[in-house]
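So the structure is just underneath, and the comments pick up after that.
Letters A, B and C name the chains as they come in the text, with residue numbers starting at 1 for each one.
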Amino acid sequence: MTEAAQTREERATALKGLGTARKRVEDVRFTQGKGNYVDDIKLDGMLFGDFVRSPYAHAKVLSINTEAATALPGVVAVLTAADLEPLGLHWMPTLAGDKQMVLADGKVLFQGQEVAFVIAEDRYIAADAVELVEVEYEEQPVIVDPFKALEPDAPVLREDIRDQLEGAHGPRKHNNHIFTWEQGDKAATEAVLAGADVVAEEMVYYHRTHPCPLETCGCVASMDKVNGKLTLYGTFQAPHAVRTVASLISGIAEHNIRVISPDIGGGFGNKVGVYPGYICSVVASIVTGKPVKWVEDRIENLTSTAFARDYWMKGKIAATKDGKITGLWCHTTADHGAFDACADPTKFPAGFMNICTGSYDIPTAYLSVDGVYTNKAPGGVAYRCSFRVTEAAYFIERMIEVLAIKLGMDAAELRRINFIRADQFPYQSALGWEYDSGNYHAAWEKAMKAVDYEGLRAEQAKRLEDFKAGKTRKLMGIGLTHFTEIVGAGPVKNCDILGLGMFDSCEIRIHPTGSAIARLGTISQGQGHATTFAQILASEIGIPADDITVEEGDTDTAPYGLGTYGSRSTPVAGAATAMAGRKIRAKAQMIAAYLLEVHDDDVEFDVDRFVVKGAPERFKTMKEIAFASYNQAIPGVEPGLEAVSYYDPPNMTYPFGAYVCVVDVDVDTGVTDIRQFYALDDCGTRINPMIIEGQVHGGLTEALAIAMGQEMAYDEIGNVKTATLMDFFWPSPFETPNYQTDWTTTPSPHHPIGAKGVGESPNVGGVPCFSNAVHDAFRPFGLTQTNMPHDHWRVWKVAHDLGLHG
Amino acid sequence: MIPGVFEYHRPSTITEAAGLLTRFGDDARVLAGGHSLIPMMKLRVANPEHLIDLQDVGELKGVSITSDEISIGAMVTQHELIQNDALASAVPIIREAALQIADPQVRYVGTIGGNVANGDPGNDMPGLMQCLDASYEVAGDKGTRRIAAREFYEGAFFTALADDEILTRIVIAKPQAGSGYAYEKQKRKIGDYATAAAAVIVGPGIGSIAMTNLGDTPIWSAGANDALAKGDVDGAVNAVMAAISPASDNRGPAEFKKHLAGVILRRAIERAQGRAN
Amino acid sequence: MSKMHVKMTVNGKEVEALAEPRMLLIHFLREELNITGPHIGCETTHCGACTVDLDGKSVKACTVFVAQANGANVTTVEGLVNDDGSLSVLQEMFREHHGLQCGFCTPGMITRAHRLLQENPNPSEEEVRFGMSGNLCRCTGYQNIVKAILAAAAELNAAREAAQ
């Protein structure tokens, strides 16, 4: 069929643009094992680095003897803090304005901390040499409890900042205190609480966990001494920021550093931060003149790079006796571990925890967060999360349930009464955010209808009757959640990391034959950017997605951007892509008008071409326009067809969703069976429904893991109890249920194509939903709050403490 | 996670293997499927200087079934146990238990001999073998002998197997016709060891119970068996409960495991009784 | 550290090398042979990213010494493509049903699923979930992986029937 003979619909379909369940272009290589991940990189003469790590959570380092290790054939060098100190690299800045030891400088502050770096010819020799490094420690008292850390006589963990009363985020009130962050109106909130009909109060703990992508963190540093150029390959979610940080701390000019993120085997926030392994590899490459590879093993990954959560959230929620919420108060004690290595925008030391009013119209609220040091690994990253929105969502969705219990109300109805109404958007929250758009009631009713909520409650009541009559030992729980996300960081006016504004970018070149390359400042870790960004562009510029290459992750070629985390790629880089596409289209319009010999205003864009208004038979396709841009001298128009956009979003986007979970709980064994999970997501305009559904499945499964067993647990002397996948709960296909997915579409009014982002929603909404389901099963017996994870023994303990074992 | 250096041996007979063990003594370990030993070596918790790989020792393979006895070679994998229909019809509890061990990949290489000989209280087969009153044939330079499974386990990772002996076969008397069986295991997920597991054989005048991961060795009690044989389920459960001493770990505190052990055991007995005729 | 002479068939080709006996099969494949499809995920036999087919069995190559694999026949995901270099039905179904995201678990998943379908050409969903339970994925939540394997089974069975 010729182009001219195609209908408009056929031409649109051929583009595989917005809304198409386009198959992923990445998969051809991945399915045959031809991905290129960092550990697949092999350079001539490459050496391997491996760490000596602390077995203790808190100890003085009295001596390090590297003699035997250095003498081992094949060992090139062993670095300690003493070697890094002259370079000023024995400490490094963290993303949160703190500093962190690269290698132990006189003491260690968590189990698994980096003490020395061995460089050898292969990873086997390196591992042998690690065993030969002798370190003498003197154990110190360990603090793993953030509340104990703040006691007056608690041991001082961070000697380096002892008695410094000012931190990166304001005054410090104790040697183990990092910051206090306050939002909202304290006095007004306290007044509301004092005068309320009903106040429900609870401590909600979101336990420490870990992003644990299947691929661990790693890098290959290669210093070319001839050209003075450093190339750093690594598992970086923010390659451009890594380049800038590397330049600032190494003193190598930024144009002489090339950072490349190859294929990344999952990130989930684990790969945002800067780790000692990167610094040591770079130093080692500079020292040896050879490429140096460092790749964590799983134990190192879980114990040393980037934990998440660990928030103790004390809440008070006030309401009228009819259930209208009048105020919310929250004080959070945040365990940051040994160094504050959170990856939050600078002005938000507790991330977007101030989204904790959730989906509800709460007129008055107050939040305060105390950051605290303990003898645990540093981090506090946004694990499949936009900067603490998971904690916030868990907090408010638990508090709603707690309030429903106090009021004796149905929790679905309580939510209904308090949702922000569709006519209230844009909605100004009491804690400072402007929600862009939403229709919560519509989503909620759709969800309730889809699961037959009344029917489920009736079945639950019958089950309870049977349980009380001794006919069954299984209780049924119905978990509800309506979450509101805040993603797409963010507006440069209030969002930066290390002073770098959180815009993002896209650069497009149209080739003479009408195909194109788009380069972005983000980096896919499985989200399928090469597929979806081409779809955005296809719809914007009328070139088929199949003819558009999307490239990311090479700082020498891609435009500067802040990377991929916090569901920011679609809201920010996706917007940049659309805006750059529109610049292309504007120029194409001028070219088309010239070719058609009409005025610019007399042509209009039509799917894949410009047509003369009122004369659709007169047109120029984008392919023809592309060629013309290279071979025709058009007065007043530069040759070529390229555009770049740096997009500074005017606001965040606010995806939302309504989830329902049905669980059976065996009170005698603590075994839970998720027998139904319904997830309705509203992520605004849907770019690729297939990919959206995949993101939802994946996020829900991580939520399942977190809610039902996955934790970073420490014993009282700071030993990590969950350092391998034996104990770190990661469900297999056998423990994972099927999910029902659904959607509504409420476009973002400020995003060029109305998209909001989806990758993190299911994790944000999933955790409270699973957790609420377990809580709900025990509600008739008086349970108001129990801490996650809801693994077998903890669920059993709940039943036991409620007297259900006779 | 990189193992230390060792010298590798691949004998093709039991005699040859036993000779190597005698020669290298404490410095040597035999390697069957390796899925217990190799992770320990990668963590450098185990550092043998000599590894004696038994994969080529034909005498350690195969399952033979006679009218009253079953003999299983130590190198028979869990996967082979599951696939063997004749075995499943003779002693069905073996398939039921093997399916609950580790995951498919591990079952392709994990062997019954490795599982029973290691003395790991988390392993499922030792308890099952005690329930079945199996015997282990062991061979050394000094000859061969048989050890009852019920007398084999002395402590966590301590067994009656001498350093220079190799466990070669497992011999099981065919369970009495009409008996029912069940292997009931609670674990956190696929690939995990049991939080509590129970192997039960029950029938007219017959009762046998063993439990896993509730002490340093499998839990087996003559009193429990007697009680169960008489149909006294409470008595049997009480006898087993008196014998367990679970340790607190990530699977839960001892208090939980004690309670769970009783629940799991009762469920196993009930299921086994349902299968008896 | 004495090295041993190792010989095996990998993806249909005879290979020979000198290697330390302690070298793990996964490192031998990835570093000596540059076969980087199988990945290293957990190193404790839980995740299955390193799954290869060894003498007709799915095994986790992170927990096999190269010495043990001496003489063996090994197939990795690279060896599963059709002879003409096109994607196999299983590989194509993973793509068709969005059974992968970051792609890191995919080689192990596909290699394991290949063996599963050899042994059980017509599995139920439950059997797929149980048969794949030695492989972990952090991205997909498995639903589409299961769908892909069931679809591949159906297509392979249809092709077999048509051929008869």
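Definition applied: contacts are C-beta pairs under 8 Å (C-beta built on N, C-alpha and C of every residue); 3 or more make two chains touch, one makes a residue touch a chain.
Please read all numbers here as calculations on a predicted model, not as lab measurements.
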Chain-level touch network, classified as line, ring, star, complete or other: complete
A-B or B-C, whichever has more C-beta pairs in contact: B-C
Separation of chain B from chain C, taking each centre as the mean of its C-alpha atoms, in whole Å: 29
Centre distance in Å when chain A and chain B are each reduced to the mean of their C-alpha atoms: 44
Residues within chain A bordering two or more other chains: 123-124, 297-298, 725-726, 730, 732, 734
Residue list for chain B, restricted to those that touch at least two other chains: 1-2, 4-5, 103, 190-191
For chain C, residues that touch 2 or more chains besides their own: 20, 22, 43-44, 46, 130, 132-134
In the complex with chain C, residue positions of chain A that touch it: 23-24, 26-35, 37, 39-40, 42, 122-124, 212-215, 263-266, 268, 297-298, 525-528, 690-691, 693-702, 724-726, 730, 732-734, 736, 738-739
Residues on chain C engaged by chain B in the complex (per definition of touch): 1-2, 4, 20-22, 24, 43-46, 48, 51, 57-60, 63-65, 67-68, 70, 112, 116, 130-134
Residue ranges of chain B in contact with chain A within the complex: 1-2, 4-5, 44, 103, 186, 188-192, 195, 250-253, 256, 259-260, 263-264
Residues on chain B engaged by chain C in the complex (per definition of touch): 1-8, 10, 31, 34-35, 38-39, 42, 51, 53, 55, 79, 102-106, 108-109, 190-191
Partner chain A, residues of chain C touching it in the complex: 20, 22-23, 27, 30-31, 34-44, 46-47, 49, 76-78, 80-81, 87, 91-92, 94-96, 98, 100-107, 110, 128-130, 132-146
